[in-house]
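Notes follow the structure.
The first chain written gets the first letter, and so on, giving A, B, C and D; residue counts start at 1 in each chain.
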Amino acid sequence: MTDRPDPKSLAEQCARTMWASDRASHSLDMRLEDIDEGRAVMSMAVKDYMLNGYAMCHGGYIFALADDAFAYATNSQDQAAVAASCSIDFLLPAYEGEVLTATAQVLHQSARSGLYDVTVTNGKDEVIARFRGRSSRINQPILSRGDE
Amino acid sequence: MTDRPDPKSLAEQCARTMWASDRASHSLDMRLEDIDEGRAVMSMAVKDYMLNGYAMCHGGYIFALADDAFAYATNSQDQAAVAASCSIDFLLPAYEGEVLTATAQVLHQSARSGLYDVTVTNGKDEVIARFRGRSSRINQPILSRGDE
Amino acid sequence: MTDRPDPKSLAEQCARTMWASDRASHSLDMRLEDIDEGRAVMSMAVKDYMLNGYAMCHGGYIFALADDAFAYATNSQDQAAVAASCSIDFLLPAYEGEVLTATAQVLHQSARSGLYDVTVTNGKDEVIARFRGRSSRINQPILSRGDE
Amino acid sequence: MTDRPDPKSLAEQCARTMWASDRASHSLDMRLEDIDEGRAVMSMAVKDYMLNGYAMCHGGYIFALADDAFAYATNSQDQAAVAASCSIDFLLPAYEGEVLTATAQVLHQSARSGLYDVTVTNGKDEVIARFRGRSSRINQPILSRGDE
């Protein structure tokens, strides 16, 4: 009761638990900049191995960053959720060395399905991609009793 | 004239040129299994660093594989094209060690914009994701004169 | 037991039940051309009131036709389902007098959510639009006991 | 020069020209509530003929309203544009008699392609659908010389 965490603390606990075993995000040197209920901010620098044949960041890595912010936002209420369907619009290219920031924000969350928007910006605060994701909760908590 | 390559040979030349400088695909150990006009097949094994906190392959890597097959299919006619907008539906999880195969196929290609479907299957030939991409040609050849 | 209908008969019964109260489809003079498990074919003629300022069929009517075929396909197993998320790519314009045909086909159907493709063709069998829809079952039959 | 209209006036002129021949919008009794550069607000009441078999507004009509707001926003700079690709997420049902309002807002507009978000709300200001559209300019003005 009294120790029921507030929404932001709960989101932080969920994020810590996910992050501990999230090799995909670690391997891309992502950083979780901020987390709150229904909201997450994640950043990543564009490395040389992320470049495609046009010396631009491969769309897959931009998607991965957006999808990651989406995952942390959608798992911020201690109810495990997976991505069901995502779309992304690529607006500007990204180049080596740029730090990209993905900001995910809930638009709608029902008992089972959620809709989230993610905006990806570059260092000049230009929007380089817009992502929209639909999530499904899988009826499972994220935190074990010991975490709370 | 007489030495104008047939569509499949042209697609192979474009793919070789792109592949040479495509660090993103190399770094993920992708393999281009087949290439033809408006069509490409790309494979990738799920590695441990691709796993998210649920020990499933991060959606970003599945997207990257699909997006890559899409890129090679859409660049198979010696007209450089970029991804404008993509959507993906995740149908089944993928686990470490599985080899995923993405098959991209043109649905529509006009002078400037194209629409392509990509199906991602696992080793049991189950469809684990469906991707649809819209491309834009940028008015530039892929092959330099020396390549032809 | 013995009188459990085969999948096509069940799909036909579901379609009849839905059709009876489906004013939207009637008001657009749609015709259900074929129905089977996970599959529906619906047609509609482009009328003058459907034209936009460019004398082309308004995309909303093309979407409505595709969405309708999707609805009948997704409701063909006596489990009521609603559209959660749809995307459409417009490839060619449609003009007054043309008869458009939408063919919906299941790609994936799990206990709750489904993924369907719909292709819209004109009288020359050219694909004018591609639609992809994700459905959610709402835990309710379509047929009442009296219908079976 | 001096009589070059300001952006809002230009948007209004474009809208008047489109509206005059836009039978689709008229036949659905849509109302253009507001128009500006890259922005349009359109409303529509849900009529009985718009209902599907579940007595909810057919998704096609909700899409049509959103798509219409999108069309007016994307054609607000005297450069004719068509819808290339749209997606819609249905969040809440709409019922007979409700007045729905679609607000379209530009996210990105380059020389040729644009990305727009449309939010559809009901009378209680609840968001019932989220639409995202990608447009292509077709290299043609909307206003004839006589209109300016």
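The working rule: a contact is a pair of C-beta atoms (placed from the backbone, for glycine too) under 8 Å apart; a residue touches a chain by one contact, two chains touch by 3 or more.
Nothing here was measured: the structure is a model prediction, and the numbers come from that model.
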item: C-D or B-C, whichever has more C-beta pairs in contact; value: C-D
item: Chain D against chain A, contact positions shared by both copies (same if over half, else different); value: same
item: Chain B and chain D: spacing of chain centres that average the CA atoms, whole Å; value: 34
item: Euclidean distance of C-alpha centroids - chain B vs chain C, Å; value: 31
item: Centre-to-centre distance between chain D and chain C (centres being mean Cα positions), rounded to whole Å; value: 24
item: Residues of chain D touching at least two other chains; value: 84-85, 87, 89, 134
item: Chain contact graph, described as a line, ring, star, complete graph or other shape; value: complete
item: Interface residues, chain C side, partner chain D - complex; value: 17-27, 48-55, 58-61, 63-65, 67-68, 71, 80, 82-90
item: Contact set on chain B toward chain D in their complex; value: 84-85, 87, 112-113, 134, 136
item: In the complex with chain B, residue positions of chain C that touch it; value: 87, 89, 91, 107-108, 115, 127, 130, 132, 134
